[in-house]
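Look for chain A in each of the two complexes below; its partner is chain B in the first and chain C in the second.
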Partner chain A sequence: MKKLLKHRELLLVGIIAIMVAGFATRAPGFATPGNLANIFNDTSILIILALGQMTVILTKSIDLSVAANLAFTGMAVAMMDAAFPGLPLALLVILAVGIGAALGAINGVLVWWLRIPPIVVTLGTLTIYRGMAFVLSGGAWVNSHQMTPGFLNFPRLPVLGMPLLSWMAIAIVLMMWVVLTRTQFGRATYASGGNPTAAVYAGIDIGRTRFFAFTLSGALAGLAGYLWVSRYAVAYVDVAAGFELDTVAACVIGGISIAGGIGSVAGAVLGALFLGVIKNALPVIGISPFAQMAISGIVIVAAVVFNARAERKAGRIILRDRGAKEVSA
Partner chain B sequence: MSDNRDMTAETRTRSAIPDRLGTPMSRLLGSWEVLLFGVAVAIFIANSLASPYFLNAWNLSDATFNFTEKAMIAFAMAMLIIVGEIDLSVAAIIALASTAMGAAAQMGIGAPGLVAVGVSVGLVCGAINGTLVSVLKLPSIVVTIGTMSLFRGISYITLGDQAYGKYPADFAYFGQGYVFWVFSFEFVLFIVLAIIFGIVLHATNFGRQVFVIGNNEFAARFSGIPVERIKFKLFLLTGLMSGIAAVCLTSRLGSTRPSIAQGWELEIVTMVVLGGVSILGGAGTIAGVVIAAFVMGLVTFGLGLLNVPGIVMSIFVGLLLIITIALPIVVRRIKFMSTK
Partner chain C sequence: MEVAPIQDSKSAGRTTILEMRGISQIFPAVKALDGVNISLYPGEVTALIGENGAGKSTLVKILTGIYVPSEGEILIDGQPVSFTSAQDAVDAGVTAIHQETVLFDELSVAENIFLGHAPRTRFGLIDWKTMNARASDLLHALESEIDPTIRLKDLSIAQRHLVAIARALSVEARIVIMDEPTAALSRKEIDDLFRIVEGLKRQGKAILFISHKFDEVYEIAENFAVFRDGRAVGHGRLADTPQDTIVRMMVGRDVENIFPKVEVKIGETVLSVENYCHPTEYRDISFDLKRGEILGVYGLVGAGRSEICQSLFGVTRPSSGQLVLEGETLSIRSPRDAIAAGIVYVPEERGRHGLALPMPIFQNMSLPSLARTSRSGFLKAANELALARKYAERLDLRAAALSVPVGTLSGGNQQKVVIGKWLATLPKVIILDEPTKGIDIGSKAAVHGFISELAAEGLSIIMVSSELPEILGVSDRVLVMREGLSAGIFERSQLSAETLVRAATGNA
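Coming up: the complex of A and B.
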C-alpha cells in the first residue's frame, strides 16, 4: 500500500513537472524560480484548505462548508479591523482561527451527536454560514482603505525571499504532516475512515475523531479567511464562492480516497499545486479564464477514474466487484 | 415480487434507519407526511396573516413558479437518493441545456426544435453521469461534483460573460403560458409528473426494485436485480428531468446566462430530504416530496413578500434542512432515554 502511495505521488510530481515544462515552451519565463514561487504563493490558501478537507475526508466524511466558513470569518475579522483599528493583529488572527474552529465544531457536533450524514450537515451549514456573512455585513463590502495597513500587509511581508503567506502554508503542511502521521489523532483519523468497524474494536471513538477533524478543518478555514481577505484586500459576501469544490478536487487529484482512510499530506499538497499550475498557466498560454471550470471538471473526473483503479488493484472491495461482474455479464 | 418483499422486510431490521423500526411502514411514513402537511398549512396561515397581498389567486399562482421547476428534478432526485446515489450536477445540466437551446435559437430553430435540444442535452448529460457511476462504478458524489463543474464550465466557455436572448415568441408558452385560469403550464406539468412518478415509484416492479437496492444492494444483486442498469436509468431520468426543467426555466426567463440556476442542486436535495426521503437511501415517498415542494415554495414566497433578501432566505432553507433531519433523531434519543 505504502509503495503504491509513494509511486502515485512521484507520478503526480512528474505530471506537474511535464505540465510546467510544456507551458514553458509556449510562454518563456513560466518555469523561472520566481514565477514558480509566485504560483506556490497563489496556491497557498488552497493548500491550507485542502489539508483541512483531507483530514475530514480521511474519516469518511466531507466538509462542503469550508468556503462559506472562510467568507464568514474573513468578513468578521475585516469588519473588526475596520471598526477597531487599534486591535493587535495577533488577536485578530487568533480570533479568525477561533471563529473558524467554532463553525467547524458546529458541523462536528451535528455529525458526532446527531449522526446526521456529513454531506447533509455541511450542505446546510454552507448556506447558513454564507447567509450569516450577509447578515453580519448587511451586504456591504469592506474595502482596502477601511482596513489597517498592518492587517493587509502581513501575508505579503517578505521573509527570506518569499512572502509570509507561502511560509505559513509551509508551516501548516509540516504541522499537518506531524498531526496525521505522528499523533494518536492522526492514527485514529486513518483508522476510522479505513475500517470503521475495526476502529471501534480498537477502542477508537469514530464520532469524536470526526468532530476533531471538522474542528481542525474549520480552524484552517478560519485562518484562510483572514489570509484571503488581507491578500485580496477586500471582504464581501461572495468571497471564495464555490471554492469548497476546489478543495475537494485538490484532494481527489492528490489521491485521497473519497471513501476514507487513504491519502497523504504530500498528495493533497500536490493536488492543490496541480490546480494552481493550471489556473496560473491558462491566461499565460492564451486560453480564456472561462475554460478553467470545465478543465477542472475534466481533471476531477479523470482523477476519480484513476483513483478507483489504483484502489481496486490494491485488493479492496473484492466481493462487490464480483457481484458487479455477475450482474453485468 | 413476493421474494423482494420478504427480503426488504428482513433487511430493514438490519438497515441503518432505526426510526422506522418495528412499526408498520405505511403508518409512520403517513405520519411524516401529515406532519409536513401541518407545517405547510401553518406557513400558509402565517403568510396570509403577515402580508395582506398573500391571499390572491394570481399571487398564489405566481408563488408556484418558485418551486415547480425544482420539484420536477426533485422527483427524479428522490428516486436516485432512495437507490443510494446522488446527483449534484442537476443545476449544471440546466445551464448546459439552456445554453444549447440559446445557441439553437440564434440559428433560428423553432420552439419544438428547442424543446428537443434541451431535452436531449439533459439525456446526454444524464447518460454521462450514469456511465461513470454504473459502468465505471465510481462514487456518485465525486463524479457529479466533477461533471457539475464540467457541464457549467462548457456553458461558460460558450457564453463567457455574454447572454443569449431572442427566443421565438411561441417558446414562451412553457414558462409563461396558462392552461386554464390561474393554472400555469408549469404547474399542470408538475402535477402530471408527480402522479407519474408516484405510480412508477410506489406501484411498479421498477419502483419496488429501487427500494430494494436502497435497503440492501448486496441482497438486491443476489436476488437478480440488475442494480447497475437501474442506477443508469435513474441517472438518465434525472438528466431528462433537468432538461425539461431547463426548457421551462429558459422559457420563463427568456434569456440564458452561464450562471443560470446556480446553487439549485442544494435546494433540490433539501426539498427531497425535507420530503422525508432518507439520505441513506431505502425510504421515502413522492407525496412527501410534493408537500416539501409546497413548504419550500411558500416559505420563500412569504419571506419575499416581507422583503427578506434571497441570501437570508437561504439561511432558512439551510436551517430547515438540518432541523428536519435532526428533529426525528433527537426525538428518538429522548424516547430511548425515557424507556431506559
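Coming up: the complex of A and C.
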C-alpha cells in the first residue's frame, strides 16, 4: 500500500507536469519558472489549509468550517489593524493563529465531548463562524486604504526571489511533515483513522487526538485568514466562500483516504498544486469563466474516481488470493 | 408436500427433505468442516450441538448459500442442488433465523418482513395493502397480534424476534434453520417460541435447531447431530440418548497429548480482582492471579468472559469492585492506565481491535510503547524498528520488511504482530482472548508453547478460550463463567472436560 501511495504521488507529479506542458503549448510562457512560482504563491493558502484539513481527515473526521474560520479571523485582524494601526504585526499574526485555533478547538470539543459527528459539527460552525464575521463587521468591508501598509505588504515581501507567502507555505509544509511523521500526535492521527478500535486498545485517546487535529486545522485556518486578507487587501463576510470544498478536494486528489488513516503531506501538497495549476491555466488558455467551475469539478470527480479505483484494488488482491486457495483446495 | 411416515430410528429408512453428504469447507488457514453428513426430516427438529468453533456456523452459511462448500453435495428431496448465492438457497426453500437478527429499526414491521421481496402492484410499485395483509397473516400464524404498520423500534426484543421469524417464513420455506434462537430470550419467550416451532413441525417443515442448552434441545428436538472440530462425531434420536453420552461426544478426546503442559514455578499473587460487577454484563467476579500462572477463562459465547477482560483493561469500567496489582489498589479508567500499570489485552478480533492495517508493521508494534521509544516528544524510527525487530525475531514473524503494511501479512503473522506489540510494552499481566481462534492445529501448538514460555519468564496470563482442549491443556486454574456469573474456579487437579462443560452449561 505504501508502495502504491508513493507510486500515486509520483503519478500525481507526472500528471501535473503533463498538464503544465500541455497548457504551455496553448499559452507560451505558462511553464516559465516565474509563472510556476506565481502559481505556487497563488496556491500557498490552499496548501496551508489542505494540510490542516488532511490532519483532520486522517482521524476519520472532516472540517467544513475552515473557510468560515478564515473569513472570521481575517475580518477580526483586519478590523483590529484598521482600528489600532499601532499594533505590531507579529501580535496580529499571533492573534490570527490564536483565534483560528480557538474556533477549531470549539469544533474539537463538540466532536470529543458531545460525540457529534464531525460533518454535522462543522456544517453548523461553518454557518456560525460566517455569521459571527457578519455580526463583527456589520456587513461592512475593510478596504485596503483602512489597513496599514505593513499589514498588507508582509506576505509580498520578497525573500530570496520569492514572496514571503510562498516561504510561509513551505515552512508550514515542513512543520506538518515533522508533526505527522515525527511526533506521537502524528502517529496517533494515523492510528485513530486507520483503526479507531485498535487505537483505543493501544492506549490512544481518539477524542483528544481529534480535538488536537481540529485545533491545528483551526490554527492554520486562522493564519490563512490573515494571509488571505492581506494578500487580497480586502476583508468582507464572503471571503473564501466555498473554499472548504477546495481543501477537501485537494486532499482527495492527493490520495488522502476520506475513510481516514491513509495519506501523506506530499500528497496533500500535490493535490493542492494540481488544483492551483488548473485554476491558473483555465483563464490563460481562454476558457470561459462560466465553464471553469464545471471543468474544475469534472477534474475533481475524475480524481476521486481514480482514487476509489486505487482503493478497490486492495480488496481485489484479497479476493484473488482467496479464489486461488479455493481452486488449489 | 408429502410427509413420510417414520419407520424406524435408523435414518436410512426415512425420507429426508435435506441431506448433506461429505461436506467440507476449507479456508486458507483451517478446515472448518471435514466431510460432515447431516439429514433433516419433515416435521422434525434436528438439534445441532457442538462447542464454539465446531463448525456449526459454517454449516449454516453453506445451507444459506453464503459459502460454497469445498467438497460434498447437498440433496433436497433426493435431488442434488448447488447454492451459489443466498437467493439460490431461498429459492430452494431454505430459510434461516439468525442469532442476531438483522432488522431495520426505522421501517415498519411489514416492510421488515418483506424487505427485498415485497409484493408489487401492476405498476411495479410496492403494494402496501397486500403487504400489510400478508404480514398480518404471517404474524397471526405465529399467534401474535403485532400491528404490521408500526415501526420496528417500538417493539420489544421478543416481538422483534417474532418479526424475524415471520420474515424467515415469508418465503416459501420447507427447511428452517434456527441459529441459537433462544440466546436473547426469557423463559416465557422461549415457551412461546417453542409453540411456534411445534406449529412449524405440524406443517411438515424440517427444522435445524442450533443451541448450547441441553434442556431446550431435549424439549424441542427429535434428532441430534454433534459436531466437534469440524467433524460430525455422532447423530441419532434424542429419545434413545442420555445427556451424558452427548456431553462425551462434544468433548470426548484425549486432550493431554495435544498440548503438553510445561511445569512452571508459580510465585506470589500479582493480581487480585474482587467482586467486579457491571450493570449488564457480569456480576461478582473475583479471582487471584499469581506470577507465572495461566488462568483459563472458560464459558459459552456470551457468558461475559471477554467483557470482564475488557474491564480489566479499561475499555469498559466496572460499576463496582476492586483491582489490586502487586499490592496496590488501582483504578483503571482507560487502556492507557492499564498499559501503564502493566496489564495488556490481546483481543479476539485482530482485524477490528488489534491492528491498523494500512500502517507498517513496526509502527503497529510500537504504537502502545511510543512513550518509551520517543526522545523529547519526537518519534525515533530507529528505536521503533529496533523494538519491532526484537519481537519479530522472537516470534518468528515472516515478513518481507518491517516497513510493509500489516494488511499484507497472513492471518498467523498478523496475530504475531499483535502479540509482539503487547509484549513490547513489558507487561506484568497479559490477557489473551481466544489466542488460537481461526488458526490451524500446527500453529496452535506453537502458540501454546509460546504462552507457556511467557509464564516461565514470570508473566501472569489470563487466557480466555472456548476450546476445551486448549483450556485443559494450558491452564493452571480455570474460571468458568455462565451468564455473567462465576460458575466456579477449578484447580488443575480437578480439571476435566465434563466438569467444565457442566459448569458452563449449568447441567449439574
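In this section, the second predicted complex is superposed on the first by the 314 of 329 C-alpha atoms of A that agree within 3 Å, B and C clash if a C-alpha of one lies under 4 Å from a C-alpha of the other, contacts with A are read in each partner's own complex, and residues count from 1 in each chain.
Please note the rule applied: a contact is a pair of C-beta atoms (placed from the backbone, for glycine too) under 8 Å apart; a residue touches a chain by one contact, two chains touch by 3 or more.
In this text, all values refer to a predicted model and were calculated from it rather than measured experimentally.
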| item | value |
| --- | --- |
| Which of chain B and chain C A:266 touches, first, second, both or neither | neither |
| Touched partner set for A:187, first chain B, second chain C, both or neither | second |
| Touching partner for A:198 - first (chain B), second (chain C), both, neither | second |
| Touched partner set for A:301, first chain B, second chain C, both or neither | first |
| Which of chain B and chain C A:20 touches, first, second, both or neither | neither |
| First (chain B), second (chain C), both or neither touched by A:99 | neither |
| Chain C-contacting residues of chain A that also contact chain B | 326 |
| Interface residues, chain C side, partner chain A - complex | 26-28, 70, 313, 315, 334-336, 338-340, 345, 347, 352-360, 363, 367-368, 370-371, 374, 377-379, 403-405, 407-408, 421 |
| Interface residues, chain A side, partner chain B - complex | 62, 110, 114-117, 119-121, 123-128, 130-132, 134-135, 139, 237, 245, 248-249, 252, 258-259, 288, 290-298, 300-301, 304-305, 308, 323-324, 326-328 |
| Complex contact set, residues of chain A against chain C | 1-2, 178, 181-184, 186-187, 190-191, 194-195, 197-205, 257, 261-262, 314, 321-322, 325-326, 329 |
| Chain B residues touching chain A - in the complex, by the definition given at the top | 86, 132, 136-139, 141-143, 145-154, 156-157, 160, 218, 221-222, 226-229, 258, 266, 269-270, 273, 279-280, 309, 311-312, 314-315, 317-319, 321-322, 325-326, 329-330 |
